[in-house]
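Naming follows writing order (A, B and C), and every chain is counted from residue 1.
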Amino acid sequence: MQFTIQQIADALGAEADGNTELTILRVAEPGDAGQTDLAMAMSPKYAEALAAGSARAAVLWPGADWRAMGLEAAIFVPRPRMAMAGITAMLDRGQGVAEGIHPSAVIDPTAEIGSGVSIGPLTVVGARARIGDGSVIGPHCVIGMDASLGENAVLREMVSIGARAVIGDRFIAQPGARIGGDGFSFVTPEVSGVENVRKTMGDQGDAKAQSWLRIHSLGAVEIGDDVEVGANCTIDNGTIRNTRIGNGTKLDNLVHVGHNTRVGNDCLLCGQTGVSGSVEIGNNVVLGGQTGVVDNIFIGDRVISGGGTKILSNVPAGRVIMGYPGVKMETHTEIYKAQRRLPRLARDVEALKKAVSKQGSSD
Amino acid sequence: MQFTIQQIADALGAEADGNTELTILRVAEPGDAGQTDLAMAMSPKYAEALAAGSARAAVLWPGADWRAMGLEAAIFVPRPRMAMAGITAMLDRGQGVAEGIHPSAVIDPTAEIGSGVSIGPLTVVGARARIGDGSVIGPHCVIGMDASLGENAVLREMVSIGARAVIGDRFIAQPGARIGGDGFSFVTPEVSGVENVRKTMGDQGDAKAQSWLRIHSLGAVEIGDDVEVGANCTIDNGTIRNTRIGNGTKLDNLVHVGHNTRVGNDCLLCGQTGVSGSVEIGNNVVLGGQTGVVDNIFIGDRVISGGGTKILSNVPAGRVIMGYPGVKMETHTEIYKAQRRLPRLARDVEALKKAVSKQGSSD
Amino acid sequence: MQFTIQQIADALGAEADGNTELTILRVAEPGDAGQTDLAMAMSPKYAEALAAGSARAAVLWPGADWRAMGLEAAIFVPRPRMAMAGITAMLDRGQGVAEGIHPSAVIDPTAEIGSGVSIGPLTVVGARARIGDGSVIGPHCVIGMDASLGENAVLREMVSIGARAVIGDRFIAQPGARIGGDGFSFVTPEVSGVENVRKTMGDQGDAKAQSWLRIHSLGAVEIGDDVEVGANCTIDNGTIRNTRIGNGTKLDNLVHVGHNTRVGNDCLLCGQTGVSGSVEIGNNVVLGGQTGVVDNIFIGDRVISGGGTKILSNVPAGRVIMGYPGVKMETHTEIYKAQRRLPRLARDVEALKKAVSKQGSSD
């Protein structure tokens, strides 16, 4: 895998200058870059480290004086992370899943495997499962019966997809992702303490202790196009309808999405976020790491939550929230500042009480 | 898989009316229901959507006027979620694990496999492990040596059960559940900063930086009857004694239970809850999603925690708690309301200071 | 596996007394101990339970009167948990991975397997991967192409190690640990609402809704010597450079470490802790359970965070923090106490307002 500076610049739609026929094999941080590396130095701060390495070419900001940096060639990009998207896609060396179906894989004879599909060692594909053209399925995956996977999927090792899941094109799943576990849904024969607490905001009443009966998940998981799910994350089956993840949505590692929940398009659910069951999440929502979402609420389009936010009630579209419970970010900041001053405020009040009492007695 | 309305009503012990010989193949939400679906419309709110679908039969609340809804038959249930438990259990189509032991499974010759057990492709069963009658073990599971699994277990794919685990009847494990990892237990040769912080509530003292020595887990995991564990959740081995999960307790996805901890009967541990080591949890406890429990405390019977609660000290039986740190839910609500008013309170105190100072000087 | 009291005392460098030729097979808690068990009774509180069991030998504190406890032999240790480390290491019966390479394992012919390596059933080892001498690899693991594992590794079942990972000696991985998933790194073509919120602390501005482009991970994961990673935890690949875990660092179950992050030596990251991308963590840092760390910050040496802390900004070396957002533990305690008194404070201020208003009007 090697490219000339010109080839990379063309792929990015970017300007290049100098010896654009120079060949590079890898990208590197400026200080680590060797002679065949392309140094990523897209701001003056990063460019300073070029001297510590031996890069001959770099990706720089528009107008950067590449000659003064001792380089032979440069590519200029206005939005560094966009350039990163293009360059890293070109140079990704992948995980080395061999072409074709590994002989140790256990493929049900009724499964439909598209053309140009690679399947790694020891992967299991169930009855009537469909895998779209060009997909790369890593080793040790399980694709359940009647599940359907679109074109050009990339599954890393040990991904499991439950029966009847329906997944769109260009799906990416990191190691250990779990699509289609059963929902966590239980009921007691009589009204439970939890039900009472929800009504009263804190009182269990006289509900008696009972055992839990299981509500099975008859629904499955339905995932749109261009979705990515992180390592060891879990998306549960719906009870009656399907749990749904919209087009372009990305889930980070260890994220949990409960049964019946519907996540819209182009959302980001960051690391260890947990969404309970029957939640409706709009489009372009970003939930920061370790966000928690209580069940049966909605979160409008373009909502953003800061890391650690616990969302306990509906959130209107466009709102930026933070805290436990989650409130508008500016309210959270205001509350937080006031909290820091609380001990002093308490002392002020004590002093006032004394002063007023004294004034009162001196009246 | 198909049932008449009468068969379903009988199974639920519920009343039915109309053409109870009507056959249904699936259940559906009212608006999605086709002619062979049973619509789940157990409150007037859901029943409104019946018109949008083409259900001929529905599950309704007692006294509902099914004829006016255009239905041919109906089942009446007083407690909707209880009916869901019964109906979904009847109609669960499962994951399609074939009967018998798949030829690719690696079963130690000394393992004891009960009668009527199904074992999926590529599952590994270790030396002297026991699997009870009627169990269904999915593909890609690992059951460790000397582990014992009761009757009628259902293991989804990629479940691992460590050596010497003892598990009761009717155990259900979702994909990727980990029973019997080693506990997280380390010690430094001399007193560590953490030990000092615990004693002083914040002061590391002059503890020096040290490396960690490992305490191995000699205990295993012991699980009662009727327990379910969620996708990618983890229950660690005990150090000397076993970690223990009581009868009827259910763990959601990504839940963590640390070494030595004992969870009682009929508890629910919701998504991403984390329980540290050596915790004692009573019976009928419900921990909301992302609850955290510090080590070496007890949580009494029937305690309920709201989502996101961090439990940092013992909790007496029957208490409903919330917050970080967890306090009585009503206290939490009171504190929260006061927090929202804090900025105004601070302004009031400032005004008071001026007023009192002015009155003082005018005396 | 059996040892005399003398052998155990010698291994611990501890004093023993009584019939030190007594043979023990296991260790047990005092109340559960049988005749061939060594009772762990390292404080008077635990020793009380000896009467309920039938131990003939125990590990006790220095100076304990073992004869009065009815024992035949005793070992005396000044630091109980240090003794636990030594004794549990001696008596660990392991998971029973057989010597040699199981015939069902799929080993690439170009992989380099050291001497004395055990590999369990159905494990996959990729092209040019290296496994150091004396390593024990459990069943159902995947070791990616060009990955390198040092000597004496112990991998439990279902561990995955991505391509190009570099791991030191004595690595321990619990079931389902994921090394080398791709980082969670996305960019929008134009400035996004999230970028605006980060600059303004809460205002999305007029950023339009966009889809996310993927930044691939070209880096890998680099892990030092003596590292342990917990069940189902995840460590992501770096974007350009490697994500790095230092020597002697231990990760608990379900811990997440994001791309590019560097964790120093001898740290403990407790259960469900999540560290975002591009974080720099020093040496001897202890993050309590469910700690969250925002991206692109540093955490100095010897920092300790309490359970549930959300770290939103840089933390200087040696600090002990807690809360959301994380602040000095003593500040957190002070704020918390003031919060508990808040409702009363609010009432005091109301009373003051009345009193001052009355005094003002009576002037």
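One rule holds in what follows: a residue touches a chain if its C-beta (ideal position, glycine included) is under 8 Å from a C-beta of that chain, and two chains touch if they have at least 3 such contacts.
Heads up on the chains, UniProt names are A, B, C = UDP-3-O-acylglucosamine N-acyltransferase.
Please read these numbers as outputs of a predicted model, since none were measured by experiment.
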Would you identify the shape of the chain contact graph, picking one of line, ring, star, complete or other?
complete
To bring chain B onto chain C by a C-alpha fit, how many degrees must it turn, rounded to the nearest 5?
120
Could you give the separation in Å between the centres of chain A and chain C, each centre being the mean of its C-alpha atoms?
23
Note the residues in chain B that touch 2 or more other chains, in rising order.
122, 140, 158, 176, 232, 254, 272, 290, 324, 339, 342, 345, 349, 352, 356, 359
Sites on chain A touched by chain B in the complex:
106, 122, 124, 126-127, 140, 142, 144-146, 158, 160, 162-164, 176, 178, 180-182, 184-187, 189-190, 193-194, 197, 201-204, 209-218, 232-234, 236, 239-241, 254, 256, 258, 272, 274, 276, 290, 292, 294, 310, 312, 324-325, 327, 331, 334-335, 338-339, 341-342, 345, 348-349, 352, 355-356, 359, 362
Chain C touches which residues of chain A in the complex?
26-29, 32, 40, 79, 81-82, 84-85, 88-89, 91-96, 102, 104, 120-122, 138-140, 156-158, 172, 174-176, 226, 228, 230-232, 248, 250, 252-254, 265-266, 268, 270-272, 283-284, 286, 289-290, 301-302, 304, 306-308, 318, 320, 323-324, 328-330, 333, 336, 339-340, 342-343, 345-346, 349, 352-353, 356, 359-360, 363
